[in-house]
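Next up, some structures in structure tokens.
Here come two complexes built around subunit A, the first alongside subunit B, the second alongside subunit C.
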Partner chain A sequence: MIEKKVGEGTYAVVYVGRAKDTKRQIAIKMIKVGEFKDGLDMSAIREIKFLQELRHPNVIELLDVFSSETNLNIVLEFLPADLEVLIKDKTIIFSPADIKSWLLMTLRGLHHCHRNFILHRDLKPNNLLLSPSGHLKLADFGLARALPASPRVNLTPRVVTRWYRAPELLFESRHYTTAVDIWSVGIIFAELMLRTPYLPGASDLEQIDVTFRALGTPTEATWPGVSSLPGYKQIQNYPTPSRQELQNRFLAASDNALDLMNDMIHFDPAKRIDTTQALLSKYFTESPPPTRPENLPKKAKQDPDWEEQALKNEEREKLIQKTREARMRA
Partner chain B sequence: MSSSISSDSNATTGSPVSSNGSSTTLVNDSSSANTTSNSTHDTKDVDALDSSKKPERTTKERVDSGKPNHKPETLVPGQNVWIFSMAQVAKSPSAKDGIPTKHEFIQRAKGVNFIIVTGTQLRLPPMTIYAAALFLHRFYLRHSLKKFHIYEVGAACLFLATKVEESNRRLKDVAIACTRVASKDMNKVVDEQSKDYWKWRDTIIYNEELALEALCFDLTLKSPYEICTELMIKHEMELVEPVRKAGQHFIHDSCKTVLGLIYSAEVIAAAAFYWAVRSTGTKIDLKPKNGEENKLLGVKKQHVYDAVNMMADFYSTLQETVLSSERKNKYTRMTPSNKRKASDSSSSTSKKNKPDEAQTVPV
Partner chain C sequence: MTSQTSEPRKSKVVSDDDLYRNSSQYRLWSFTKQQLLDRRAECHNRAVVKLQKSLVEKGITGSEIEPLSLEEEADLVSLYASKIGEIAKSFNMPSQVKATAISYFSKFYLVYSVMDYHPKNILYTSVFLASKAENYFIPIDKFCSALKRTEPKDILDSEFLLLESLSFTLAVQNPLMSLHGFFLDIQSAGIASIDESVLGQLHDGARAVIVDGFITDVMFLYTPPQIALAAMMVVNEAITLEYITQRFVTNPEQIEFLLSVIVECKDELVNIRLPSSDRGKEIDKKLHMCLNPDRKRKKRPSPTTAGPSGTSTPSSTANQTLSAEEPAIKRLKSADISSESTPVSLTTVTIDASVEPLADEVPEMTHLPA
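On to the complex of A and B.
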């Protein structure tokens, strides 16, 4: 039973509906068939393939797939909000316990993916959806792929939204691992604390600059093999930020939080921690305990209308510009 | 050397393992089907399953009641529900349409051959071709050969497999390759003007969605190639070229039969490894650990033997076909590996005896 249209992507139209038997709210992704010159869209196939395999409280649930005369339809559970909306909404205050709770749920969902040898490759606040009960779920597996068994398989480096792209991807490495997802989570963690994107590069080239300006330039000593990556560019040598600088950047962060973040955004993918290590981090056991999902902040009751949204976006853009300028000066 | 397979199974199955509860039905089904070229129907547990008549939308309601250790309708996560007994496979929709099983199997082999030739043209990795072949086999468990032409479905399965296995090819290239292979002229000039090209292109697009639905949107496959390589590494065989090749060929050839519908990727990989070791006469210690006497290479011993025997059967019928018909048909493609295996083992006649011997043992 379809209620209303909620969005339109490049390859699909999303509708909200309600399951007839359970009255549960569902999202239906109708995939346009036949409009593409290469048959069914790759991301639709990936989404179906991987969501069929994954069942986890922190991964979006695939309820059904069926094909009608004109469409291929993916039925997913309906999740009304995402983390990006919350981060943008400045009327909501995040407590350290809230951040911990979200990060924990993200890592749990990601751990489940990685345990099944699936790379998500597009983690960003926008793809972390929130259920009405506050549970966070990974969504959008359109870029996901299975971790190749053989290291000889080439992967495309053109994945992950720019701001959350790991350095090995920026240098166009064709052999990467689950570590790219960990980097994205690390950046999301920083964004949750800052309430503004941590490394907002305006172009692929600028992204390299922004990343290393904030985190220091990697060298052969800190990241063995970096200079042999295909896209490696000699760039200005930025110093690695000292602990004090980081502390100043993230005022509310505890020592353990900073440690965890540093470990997740280690330049060398081989030294970056994996989900298991991250989940066992001291950060999750120290006080305060993570907020229970049902007590987490939620989106403001009514939808802000278009103008308001546009205004907020503008403010956000300004803020991003400001951070960028501040970093340039620093 | 060839008789070692049977003698080995003799030695092991003669002792305690001969019939352990859960595996018996499956084993009986497949072996009886083996001997009498698939005409026997073990009807007692077949009627429960009718894969063809399932409503289309139930991705989660597939029931595999043929497996005795498998409670219908409760799916255990991670369990492969696409495993059937030989009798179940023989009761396919095509059989219901009056197509003899023997004929259906030949059609299946032809379809897979089409996939292999086209896939090779497109330089696809082996696992993509294997996936396409398995998709094809699964498709014809749910649809009849009378309604869908095997080449057309094969082309769609191949195209789908390129996407699923992340070895993308443009639709145009796939369609061109199909046109060439179908017209049996690899150097045929095909471009966007030719009629056949458009016919193939439209067929693939149309059948792709159909195939996806027939496959219940279940696209993740385990790669027997990978598992086999792991086994080789575990037994330090991965650098022994003949063994490695024999294993790969076994898996490669297995997709022309319905082996992939009857056994899991693990069993097929183990069978391939076992075959490779035995056929090349490699000395290797495969003695199972204590407490796992009925296991071989991590899977049920009987399953491995049955799988190997089924393939041996397949090879010998193939050889007969090749010998009896002088004309060079498409099967000649397979003879190199076949001949090699035959010469590596003692002779083709003893090979033919082998499955019979082995089958008499477990019953």
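On to the complex of A and C.
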């Protein structure tokens, strides 16, 4: 039972509805088949492929896929909010325990993806959706791919939204791993603490500058092999920030929080921690304990403003058209 | 990094086996031998009934057109499946794409009979969809230009049908992944007395056995690690046995059971039965009659997209070829397609413009004189 249209996504029109039997709210992504020159859209294929295999409390649930006339319909659980909306809503105060809870749920969802050899490749607050009960779920698997069995396989470096893009991607590495997702989570962690994007580069080139200005310029000593990456550029030599400088930037962060963030945004992907290590970090066992999902802050307005959402989506539309083309080839 | 003091409370440990049991490959596409036989017989019988009904409706006597037997159908499916290797090779596709394409193709014929849909277009569509699902996307016009007598719409029209037949599950777990894992493990476990070159031979040999075995039923019957171990057994039984006994179990009963499964799997893996291409042509000719029962009466020239006109219901009926099917998908104008530029992805290997056209076998089989 369809209730209303909630927006146009990368490759689909999204409706919200309610399951007749359970009365549960659902989102239906209707993908027009035959719209694209090359048949079924790549994002749709990826989303179906991976969500069929993933069942986890912190990954958006695929409820059904069915066909109708000329549409392919993906039925997902309905998740009315996302982390980006909360971060931007300055009327809401995040406690350290809230941040810990969101980060924990993000890492749990990601751990499940990585255990299943799936790279998400587009982690950002906007893709971390929130259920009415406060549970965080990874969504948008339109750029996901399986971790290749052989290191000889070439991957496209043109993945992940710019601000959350790992340095090996900035240098156009063709052989990357699950570590690219960990970097994104580290940057999201920073954003949760700062309440503003941590590394907001205005262009791909500027992203490199912004990243290294904040974190210091990598060298062969700190990141062996960096200078032989395809897109490596010699850039200004920024000093690595001292612990005190970091502490000044992240005033409320505990030592363990800073350690965890640092370990997740290690330049050298080989030295970056994985989800298992992150989940076992002291940060999660020190006080305060993570807020229970049902007690997490929610968006001030109980009923999300769909019109505003639709407007926002319209603005995104142009960008989306570009993304679609790029994703076909990603 | 790890917390010594207070580990998170353990509620339930999710094992790797649990992960596999959650996969669509296990949930939807794993069978016993009997279940496989039953499924194929069911598709076959349904198509035979449909064909006979439509022949009666058209007033064609049964003796002129005969349905395929179950064996003929199986032979044709494996013959066409074996062509996927050639196509994959001509596009320089990795074996992962090839495995996935063969898997899609085989699954399609666990849902439909060749008397519902001719294998040719399903074959191409399987390769095309697999190339997308496995990140080896080739633009449709580029794809078609390398195939003889194939239009983009021949493929795009059945893409949705194929996806539907797969119950919208696209992930195929490849035994080559497991093989890779076993080799990393053999090396790190340091199984005694194995020379590096012997190990290399074992790896390459097992790999070849797995790739050749894609067209068997093995993927429906066993798990990827079982298949990988079985392939290793085929190449070097001694080392594989040594590895299994040293590495796996302390419990002799378990080892015995594991070995019995792997031996069974091995037999299935090397059980590649391909009919001769003469027999293939014979069956294809018969199939052509089933799919085009009108052909006999109206002596039309053999068009590239053979099929009767005017009989179009969206459902699959035995008297229609795929190309005559009412498209479930909006057809693209060929003009739209040819005018489109096709940027080559950074991740896909550029297909040389001078790609050799495929061996004529695949398309030819569908164009036998009536």
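Note that in this section the second predicted complex is superposed on the first by the 300 of 330 C-alpha atoms of A that agree within 3 Å, B and C clash if a C-alpha of one lies under 4 Å from a C-alpha of the other, contacts with A are read in each partner's own complex, and residues count from 1 in each chain.
Note that contacts are C-beta pairs under 8 Å (C-beta built on N, C-alpha and C of every residue); 3 or more make two chains touch, one makes a residue touch a chain.
Keep in mind that what you see is a predicted model, and the values were worked out from it rather than measured.
Enquirer: When the two structures are superposed on subunit A, do subunit B and subunit C clash or fit side by side?
Expert: Subunit B and subunit C clash in the superposed model.
Enquirer: Check the contacts made with subunit A and report whether subunit B or subunit C touches more of its residues.
Expert: Of subunit B and subunit C, C contacts more residues of subunit A.
Enquirer: Pick one for A:Val6: touches subunit B only (first), subunit C only (second), both, or neither.
Expert: Once the two structures are laid over each other on A, A:Val6 reaches no partner at all.
Enquirer: Kindly classify A:Arg145 by the partners it touches after superposition: subunit B alone (first), subunit C alone (second), both, or neither?
Expert: both
Enquirer: In the overlay, answer first, second, both or neither for which of subunit B and subunit C A:Ala202 touches.
Expert: neither
Enquirer: By the touch definition at the top of the document, which applies to A:Ala252: first (subunit B), second (subunit C), both, or neither?
Expert: In the superposed model, A:Ala252 contacts neither subunit B nor subunit C.
Enquirer: Which partner does A:Ala270 reach: the first (subunit B), the second (subunit C), both, or neither?
Expert: In the superposition, A:Ala270 touches no partner, neither subunit B nor subunit C.
Enquirer: Answer with first, second, both or neither: which of subunit B and subunit C does A:Leu72 touch in the superposed model?
Expert: Touch status of A:Leu72: both partners.
Enquirer: Overlap the subunit B and subunit C contact sets on subunit A and report the shared residues.
Expert: 33-34, 37-40, 42, 45, 48-50, 52-53, 55, 65, 67, 72, 145-146, 149.
Enquirer: Under the stated contact criterion, what part of subunit A meets subunit B in this complex?
Expert: Interface residues on the subunit A side: 33-34, 37-40, 42, 45, 48-50, 52-53, 55, 64-67, 72, 145-146, 148-149.
Enquirer: For a test of understanding, state which residues of subunit A touch subunit C in their complex under the given definition.
Expert: Against subunit C, the touching part of subunit A is residues 33-35, 37-40, 42, 45-46, 48-50, 52-53, 55, 65, 67, 70, 72, 115-117, 145-146, 149-150, 153-156, 158, 263, 273, 277, 279-282, 284-285, 328-330.
Enquirer: Touching residues of subunit C toward subunit A in the complex: what are they?
Expert: 1-3, 5-8, 14, 19, 22-24, 94, 96, 128-129, 132-135, 137, 139-140, 155-156, 159-160, 163-164, 168-171, 174, 176-177, 180, 327-332, 336-337, 340, 343, 345-348
Enquirer: If we count contacts the way the header does, which residues on subunit B are in touch with subunit A in the complex?
Expert: Of all residues in subunit B, those touching subunit A are 56-57, 59, 77, 159-160, 163-164, 166, 168, 170-172, 204-205, 208-209, 212-213, 217-220, 223, 226.
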